[in-house]
Amino acid sequence: MRLSKTSLAVAVVVAAVFGLSTSTVFAQNEQFIPRLVYRTGPYAPNGIPFADGYADYLDMIDARDSGIGGVKITYEECETSYNNDKGVECYERLKNKGPTGASLVDPLSTGITYALIERATADKIPVISMGYGRADASYGAVFPYVFTLPATYWAQADAMVQYVGEQMGGMDKLKGKKLGLVYIDIAYGKEPISTLEKLSQKYGYTFVKYPVSAPGIEQSATWLQIRQQRPDWLFMWGWGVMNSTAIKGAASVGYPMDHFIGVWWSGSEPDVVPAGDAAVGYESGTFHGAGQDYPVVKDILKYVYDKNGGHTTRDKVGEVLYNRGVINAIYDLEAIRTAQDKFGKKPLRGENVQWGYEHLDITPQRITQLGADGLMVPIALSCDNHEGNGKVRIQQWDGKHWKFVSDWIQPDRTMLTEMYKESALAYAKEKGITARDCEKVM
Amino acid sequence: MDVLTAVLVTPFANMWSNPEFVLEVIIGGLLSGVMYSLVALGFVLIYKASGVFNFAQGTMVLFAALTFVGLIEHGLPIWGAFVIAIVVMVLLAVAIERLVLRPLVNQEQIILFMATIGLAFFLEGFGQLVWGGDVHPLDIGIPKAPLIIGGVLVNEFDLVAAAVAGSLVAILAVFFQHTAVGRALRAVADDHQAAQSVGIPLRSIWVIVWSVAGVVGLVAGIMWGSRLGVQFSISLVALKALPVLILGGFTSVPGAIVGGLIIGVGEKLAEVFWGPAFGGAIEDWFAYALALVFLLFRPHGLFGERIIERV
Amino acid sequence: MKRIGDPVLTADRITLTFGGITALNQISLEIRHHEILAMIGPNGAGKTSMLNVINGFYHPQSGSITWKGETRRHMRPYQAAAQGIARTFQNVALFRGMTTLDNIMTGRLLRMRRNFLWQALYFGPAEKEELAHRAHAERIIDFLEIQAIRKTPVGRLPYGLQKRVELGRALAMEPELLLLDEPMAGMNVEEKEDMCRFILDINDEFGTTIALIEHDMGVVMDISDRVIVLDYGRKIADGPPDEVRASPEVIAAYLGEPDQVEVRAPPAAARRSVAM
Amino acid sequence: MLYREVGQFKTSYAADQAIFPISQERWLVIAALAAAYLVIPAIGSEYWLLTIMVPFLVYALAALGLNLLTGYAGQVSLGTGGFMAVGAFATYKLTTAFPEFNIVFALLLAGIITALVGVLFGFPSLRIKGFYLAVATLASQFFLIWLFNKFPWFYNYSASGVISAPPRAVFGRVYVTGAEADPRAKYLFVLTMVVLLALVAKGLVRGRVGRAWMAIRDMDVAAEIIGIRPLRTKLLAFALSSFYCGIAGAMWAFIYTSAVEASAFEIDRSFQILFMIIIGGLGSILGSFLGAAFIVLLPIFLDNAPRLAGFEMPVNLVSNLQTMIFGALIIFFLIAEPNGLARLGAIGKEKLRLWPFPH
């Protein structure tokens, strides 16, 4: 008896799985955006605000100006738990949704970005890895469908070094100083190393690496070493639980917080709050502002939260990662808008949006129109520049809020462009890809 | 060649040149080790009494911590939250015994192990369903300031943790040695059938053991939680406890402590002095390698009971 | 009347101790070609230990074993097996997860030559070999009259049958010397009779030399050509059944009439040595 | 009267030793293969082929490998992920160093390399047993992942340590890796590899090697006394098991995700595959496939179920519920049939034989 019950269960499951289809009915005038999010698992604390910000902005746009150019923006979230193969599954499941299929995809994970680059290129769907993913993809000639705006890890590393130099009163002061990098020992954490090594030759500082094995819940050895070697400045490429643990570690060995600068994924509320007072004075990079007093954020409160909508609670609106989600949404929609100007105000295919991204030009005026003054910086993309020369800013945690402590810093573009190109061409060679000639592409 | 020097010469040179630092690393290792032991204890208790390798222990730590912090956020005083959390863990133990262990009684180890994996998944989902995936800061007023004692840096928090672990072990020891329940537990640990035949109710014993393991998990959860903030990643500390287990032996409470200390010191020394030679971040696999070396000489761990094969 | 040949195996002053306990004390004995040798003695006398020494499971502290003219100090059980020594165990040691047939086939492993690459392909040589050995296994199954349980997992079989399968597995190795550790323990009369028949048949059909341990004096006296009596790790008698039966030492060891032997509770020390 | 052995008398041992002695079974398998080769590629969408069938097959292969080691030879291992990583990185190095080298050879060679590594890490099994061995194998897991993460040589000095599959063809223009590869080609390639390797495994376990393994598993002392060399036998198990896992890992990296970093083969992977063989059935080839199906397909189904049922739920709710149900189902199946889904099938068979008579 018991047997028949279980075998029945098996049968049902299998049958249901195989009955699973991915096609559903759509209104025709819609632009579909797949949302790869992680609201569960080890990185949920960082994934949740980002996903909320993005979704809220789309809701606001649909509520306020009923879509882009009259085309309603629809989206569907898919839970990846920051897990590469689930990310691939989500992408494949959602890429054909909507009347025109997925307009673009935001993998929201360096690992998933890597897994999607080829698939998406083959499917002609742009991959928007905003401030993560593979830096050399900024060289659009080799990576036509990958975008790294507004700045890559390499750009940020350079900006951080510039900031440090500025703090010490001149880049020449870096000579003979010791710069340390605490990083999570996976692909993402290793991204800045090449840049920082290159710069160490340029400015003559010594560069020390402190890898922390993932997930980074145990770091005492690392901090004992740091206490011993006393680097003058300390950068951090951490993620999730590692960040708060590192901040506590720094405090526990009495490392000066204002000399401890995290990557922009190490500079949000979930990273500092668990560390409590220890985190006061800790700094991090960023490419956008935090807080609620920007017109666009106010609009979200007005059109979404005042109408009892919204994915989170009012007080969480404006958190660093929330605003980052908003920024990401702004970029995506602006690209769609740009594409609409060329291809017409109708649902667009991935390759149209790709064109939109390659011609994306967010001017100061446009930023004002968007109500994002001070929230974001102007960027302009092109066929071979998929990064758009975004700027980086340093912010500091005062125990309650993140406050800017530097002006917008322009990373050393000439050096970076060279590095992107070199690395990208190596990749092209290995893959047997022939780079596009951006003179011909218009 | 220089690899050899980096491995065989430089580390010892550094140690020699800076004995104070060595001492500091060793102390740091001991204190981290204690934190591992806290988690390992839960495994040992359950394995000892029911021969089950409880894969869900890590998740139980997370679940307990989430419950505790969740209650505090709902405005309960710390002691209140603590008591209720204990009650919750006991209820959990009862449910597990009724729904998982009883139907699977007398099954092979591997099956029960698999069942606890199912349990782990369930609790993982349930905990996040109830308390959400956000990170919950937890501060129960343990001081965290760094102390410099004779040039050696010690973290107050770690000292408190060590004290907690110590007293926990002491309590368990008393519980096992000097109470009727404890005697029954030891009898069961020795031989299920025999224990039953002298009228020890196996089921209630299991409930008790899983409850105790739950409470130990709660304590571990609070300590780790106030260190990392209560979040999903806490369940991953279980991986730090496994090498401690094999080194100390699945069946020995003192083993869990000693094992923790050895692993802690070993991995920290390796990371600090040998790490650079290999590009760092070696402590994870080193802990296992260390345990493995011990196993080759004591196949059942330092304090584990050895099984005599007879023909 | 069968012809008993020269010694095939000679044990010379074997001494084996576990911690403080002496399991075997200066024991010398020989096993002659084609004979059925019985080892008797109270529990813990060291009978099983002696078998374990002979097939290399234990390594004696002193003394040596000469097998087919070649003297050895140290060897592993699988080497003994390779040299043609098979055995069964006091408490059945079958592979419970496998069927009767598979258990018996394991006895053929040593004689299978195809390596795992052939195995991987299976068809062709490996299959041919497999089938040849299957045929041999089937002959043993017929011989032991266990056709009915060919495909039954041995875990489900009654004790008596398990003992029979274990004997089959040992036979499958086509051993020259077969060591049987209490082949009839826990059997009823019919089963015992069958087992006796098998042992005798094996001895004259295959010409296998057999050394067995048995408590049932009746059986021992009936089937064995020669009897060795051990007591507390010492050899106290060695000779034809009738002679041994008469030996006063043996009678003393068994305190009472030899023909109705009760198995006494062994002294603690001895019991320990058995447990090893 | 569907399922009968009656009237199928074996006239030769050969017939009795055949893989599927009962003709119904034979037909069932042939039908399954036909479906896998003809129907699925015909009707399966890209989503189906690439994100459900391919991972399922790759997982099944890895499970198969682990089952040889754990299910048949009785050596519990948690190093599977590490061995998969060896396979993946070995293939990457081989195929980037010798682009003209056919991918099939690259895979097999990678498998052999993994086998050697497996032997290396198999040595402790001579002394260490059961759960102690299981946890000890974690040493290899963590070490290997660290190794591939740490030394740039393994990933050709790319900035991030991610390896991505260059386009490679089985023959002519039939690409099975890289972007332009046709999903069907990928699927059929993986399918063929898995089917062949499964047959090989079957051949191994029903012959001499398999019996030696099971003997060691069931009672190593007795096994030694009938002439089985424990170390050799165990190491052979480690070698072959790792060979399978290596190829599985390579296909994971090259055909499924087409870009991985070492952490894709983290400890979770090892656990996942252990779950598969326990759920599917230890010591059963079929079980490896059933287990893989359970662990791979069930979560995907549970993920989609609410949407299919037509009501929207927040993803985090869905995913948490999914985890809970998944866990509960594992326990449920264990209580229903502790010896795994394969055993469940066997019981079903016995019932069918008796049907319609109860006994």
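By letter and in written order, the chains are A, B, C and D; residue numbering begins at 1 in each of them.
To be clear about the criterion, a contact is a pair of C-beta atoms (placed from the backbone, for glycine too) under 8 Å apart; a residue touches a chain by one contact, two chains touch by 3 or more.
What you are looking at is a predicted structure, and each value in this text was computed from that prediction instead of being measured.
Relative to the whole-protein C-alpha centroid, the nearest chain centroid is that of D. At the far end from chain A, in terms of centres built from Cα atoms, lies C. We define each chain's centre as the mean of its Cα atoms; on that basis chain B and chain C are separated by 49 Å. Note on chain placement: the centre of chain C and the centre of chain D lie 42 Å apart, centres being C-alpha means. The geometric centre of chain A is 73 Å away from that of chain C, both derived from CA atoms. Averaging C-alpha coordinates per chain places the centre of chain A 36 Å away from that of chain B.
Residue positions 128, 133, 279, 281-282, 284, 311 of chain B each touch two or more of the other chains. Under the contact definition stated at the top, the residues of chain C that touch 2 or more other chains are 57, 89, 93. Taken residue by residue, chain D touches two or more other chains at 146, 150, 221-222, 225, 316, 319-320, 323, 329, whereas all remaining positions touch fewer. Partner chain D is touched in their complex by these residues of chain A: 2-3, 5-7, 9-10, 13-14, 16-17, 19-22, 37, 39-40, 44, 48, 77-79, 81, 84-85, 88-89, 92-93, 96, 110-111, 114-115, 117-119, 121-122, 134-136, 185-188, 190-191, 193-194, 213-214, 423, 426-427, 430-432.
Interface of chain B with chain D (complex): residues 53, 99-100, 103-104, 107-111, 113-115, 117-126, 128-129, 133, 239, 242-243, 245-246, 250, 278-279, 281-282, 284-285, 288-289, 291-292, 295-296, 299-301, 304, 309, 311. Residue ranges on chain D touching chain C, taken from their complex, read 13-14, 16-17, 199-200, 202-204, 206-209, 211-212, 214-215, 217-219, 221-230, 236, 240, 283. Interface of chain C with chain D (complex): residues 55, 57, 76-78, 80-82, 86-87, 89, 93-98, 102, 105-107, 109-110, 112, 114, 116, 119-123, 126-127, 130-131, 134-135, 138, 169-170, 173. Partner chain A is touched in their complex by these residues of chain D: 45-47, 50-52, 55, 96, 146, 149-150, 156, 158-162, 164, 166-167, 178-180, 256-264, 293, 297-298, 300-301, 303-305, 308, 314-316, 318-320, 323, 329, 332-333, 336-337, 341, 344, 347-348, 351.
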